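Here it is, the structure in full.
Note that the chains are named A, B, C and D in the order they appear, and that numbering of residues resets to 1 at the start of each chain.
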Amino acid sequence: MTKSFNSPKCNVPSVSVGPLMLGSPLVVASGIIPMDADVWSSIEGCELICSKGITLYPRKGNRGNRLWETPSGLLNSIGLENPGLDVFMDCLPNLTETGKKVALNMAFSSTEEIKRMLDLIYKRGISSLISVLELNLSCPNADGEGSIWGEDPGRTFEAVSAARDAWDGIIWAKLTPQARDIETVALSAVEAGADGLVVANTWLGAAVDIKTGLPAFDRVFAGLSGPAVLPLTIRLLFKLYGKVPVPLIASGGVCSAEDALEAIMAGASAVEIGTCLFRDMGIPKKILEGIGRFLEDRSIGSLNELVGVAHRGGHGLNRGGRGF
Amino acid sequence: MSCSHASIPCSLVSKQVFGSLGGLLLVRPHEPVSWKPGQFAMLFPSDSMDPLLGRPLGIASEVDGNLLFLCQRVGRGTGILLDMPVGGSIRINAPLGSPINIPKKEKGPLILLGGGFGIASLLALPAVHSTDSMIWAFRGGEEWMELARSCLDFVSIPKGCEVLLASEDGSTEFRGNGIDAMNSLDLCDATVVACGPAGMLRGVLGASKQRGFKVLLGIERRMACGLGGCLGCSIDLKGNKRARVCKEGPFFPGEDIVDDEIL
Amino acid sequence: MTKSFNSPKCNVPSVSVGPLMLGSPLVVASGIIPMDADVWSSIEGCELICSKGITLYPRKGNRGNRLWETPSGLLNSIGLENPGLDVFMDCLPNLTETGKKVALNMAFSSTEEIKRMLDLIYKRGISSLISVLELNLSCPNADGEGSIWGEDPGRTFEAVSAARDAWDGIIWAKLTPQARDIETVALSAVEAGADGLVVANTWLGAAVDIKTGLPAFDRVFAGLSGPAVLPLTIRLLFKLYGKVPVPLIASGGVCSAEDALEAIMAGASAVEIGTCLFRDMGIPKKILEGIGRFLEDRSIGSLNELVGVAHRGGHGLNRGGRGF
Amino acid sequence: MSCSHASIPCSLVSKQVFGSLGGLLLVRPHEPVSWKPGQFAMLFPSDSMDPLLGRPLGIASEVDGNLLFLCQRVGRGTGILLDMPVGGSIRINAPLGSPINIPKKEKGPLILLGGGFGIASLLALPAVHSTDSMIWAFRGGEEWMELARSCLDFVSIPKGCEVLLASEDGSTEFRGNGIDAMNSLDLCDATVVACGPAGMLRGVLGASKQRGFKVLLGIERRMACGLGGCLGCSIDLKGNKRARVCKEGPFFPGEDIVDDEIL
């Protein structure tokens, strides 16, 4: 039984994301909050929280600048710093004790690594503490000269299949927006057994530090997140909704109830909240309340009714003309 | 009551801006903030998403429930804060970071060394921890002198704590930089808490190694979350350890600090 | 002789963009300002101005919403509304009378259309009034079910070759960021004879009008421009600089002297200014002054020295350490 | 001196906000703006890139060199403008659009009809063009009444011009909507200049066709440039013509208007 899902007073929009029932459509994105039970319990408005990207062994991440602010956006080049699977497993019981559900965001450089990590989790007997396995397809693979798993449908199939073979629970494939053909990649992920697709991850960008004349980041390219990318996320949702038989989970730029509703109407069954938590950890609660009010004002019984309505002529929301 | 990452609406109740240097911002939080010296806040001048991130500023003092910030004019974010009309809204995430943790006092003096706006995070320490000297080193000139005077009006320094203003141009009693000023004091068994420009911190760390006194240094990094989540601010510590400036820091004992991480 | 290139008082950073000498690295992007000589003369800080995308025949453009604001960005779906080549040619002498140079931004649905348009221009005897022919590769072609020219290296080669055959002057190929492999497309454009590459154009995005539950735009997808896309532009410049033997012209998100310097250091020889003119027509002048001050402060004689320095270790700008 | 697209720094010298309705903003331009009734400005509440675009507001009046704007609270942009503390900076691009061009007066009356905040673009007309009646139609209620009173204090309506306040709830002498109020006047040979909600404009256009009086209607569109460049605001006119609301408009003669373009 969940211990204390902190729901706001108003109408709580719960959702089913495929087989997963969530008390809120909002999910804390990976890499945003610390693995700290106090912080987890204090977040209201989200039931599911994605862990930092976890690798088999600890990683120090990238040297040099890791953050760079852009207009309404953030470039990051953390480089998957994390304490490794063992420490994650040590923390896991404490984290789930908070009443939150956990999505393990997994980064990996080979399919063997995926299998070994899942094996270790089963061996520890804590697989039931993990509600979702979120595969980060934006990380580089060791073969293929560090090319990104999710850019290629074949590699995507390999990675998701490896996880599917070794994991009984729900698998979300977190797509990369750098995929040359995201529809084909999405279909491969589903074919390989993904139960949901996270659309998507950071967009590659870059910056120059004009004071030094050097790239702002040692690795030149870095991941762009935050409100700036919202319209790009919405486009990907429009491209993928209806093309795959699994739910879509939005990730990229959602910061308000309006943004979340846009993503839902464009096809998302749930919505990850990332960068905007850096501004205000109270945002999910406000978003959830805003969604609640929206549903109430229009007497919509379930948020699931709104999923993808933009593909279905607005589904009767369109009262009183379009305006501009 | 504010938890470690509460987001608190505030209003700017007064400000004093000194030319292109920066200024003092007195900010009224709409809920109480309980903080300790060394902690900081992330300031958001508006609900706009540009600039996106908060600006970290040390909490310098509390005056009638208002928080005092010293803000150097650096770029866009600090510019917006300094140019805001009184009455404007600011949101803060606070208190963030670990309070300054003075090692159990043995015998030597406690000396605070603030370089420029780095003084901010130290100003409240003498009131809660018996301090022998507080050095404030800055460039000098009229604007700096006015800023320093106005600022010291806001903070209560106990009698026992000597305040030494050091300026490079001799505007103050002591002519010289922060290191010179520090060296003018008796550093035997001392503990020095320093915050300011990288060059000064390197000098303090070097001196402490040579002469064997203890130091705590305030480290700066770009920050996104301010509460240990994003790992944007994490640094190497000695002994192959990692630490987050926003969470375990911003003040670290000299013996843990890897020289390269003072940027 | 140019009549009145309004340069700001300070150090004017002139540049050579391949064979083209410009008194300013700043170019007004296509689709931003009206074909109105008064407006043209009033713009300080730019010597070259791109026309609205011109087609052989007049076009009314898209129905429904055409503009949608996003965080630090703008989605537009104008749909190439323009009065057609004839009217453009009628206006041309008036526009060049202002002392500005003109880049004809050409939109086309077939290679025949390119040839016919260039033919008509030569027939009118006004080809010398056009300083640059800017080929908009983001427009759809009539064969290929409206696929975008610039998404495909072959189609790009066709279009640029057609223009090259029929045009003696400078040709810039304006790339589309939707290209699956922008490096190959860029190489094709150069192989076909492009003298410069504009990097790039709007990024496809989308939005939902939550009041109606409908896509904000009748055509669902729309082009994202403005500051939000700056880091994406900078990345493309990093990808292309040094890979092609022609100058790069940045387009996407530049709004300040700092932004322009970033683009230049990442590899741009000139910088187009678009969306931010909607905020302030005085921006180019301010940017030019800012660049002038930057050069002066560092005693850099020519802006061309800065082009691409981020690929060359900062080229000595890096005095006094990197900081963060 | 301002040209047709000058960007002018201003400060907010005073404001009156009426609950969730909106308010009056009195804005001092730091250079003179020469404008005519019917023209508008794009307002930028800050240098931030979010929100990115200016918000178009009609210039309602000029008081001691200050421009008066009536601003309905609609969404983010107008919210930021209305919530700005007095003393804050606003930048405007102005004057934009074509002045209202009253067809050569023949014999009938000139009637202005403003629905809600649509009155803004009409308020300055009576002072420069002999006007018989000005109807201001709004929902009614205390907030609206206060707003209307405050607003009319700022504008000088010549004696010859009758002001008719119409409210749906009967807060004013005339109970009814804008169309009702218009119909209560003698429309024979009249010229009606109307600005306000789409429903009202459609009603006016319909009535004008039926009864043969002249109309000029203020059309609204989302705008990016405000000066005819982006073609974001272009609309169909009768006779297969196109026009830009920001440049040839915002006021168009009824006989040119395609019904579908009143949104």
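What we mean here is this: a residue touches a chain if its C-beta (ideal position, glycine included) is under 8 Å from a C-beta of that chain, and two chains touch if they have at least 3 such contacts.
Predicted model only: the values in this text are computed from it and were never measured.
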Selected pair, greater C-beta contact count between A-B and A-D
A-B
Dist(centroid_CA(subunit A), centroid_CA(subunit D)) in Å evaluates to 45
Taking each chain's centre as the mean of its CA atoms, subunit A sits from subunit C at a distance in Å of 35
Can you work out the whole-Å distance between the CA centroids of subunit B and subunit D?
51
Subunit A touches at least 2 other chains through residues 65, 68, 70-73, 226-228, 255, 322-324
Subunit B, residues touching no fewer than two other chains:
49-51, 222
In graph terms, with chains as vertices and touches as edges, which category applies: line, ring, star, complete, or other?
complete
Residues of subunit D touching subunit A in the complex:
49-50, 198, 220-222, 263
Listed in rising order, subunit A residues that touch subunit D in their complex are 71-72, 227, 321-324
Per the touch rule above, subunit D residues touching subunit B in the complex are 46, 48-51, 80, 85-88
Where on subunit A is subunit C touching in the complex?
64-65, 68, 70-73, 75, 180-181, 203-215, 220-222, 224, 226-232, 234-235, 237-238, 253, 255, 258, 261-262, 265-266, 294, 306, 309-310, 313-318, 322-324
Could you list, by residue number, the parts of subunit C that touch subunit D in their complex?
31-34, 36, 38-39, 42, 52, 60-61, 65-74, 76, 78, 81, 226-228, 255, 275, 277-282
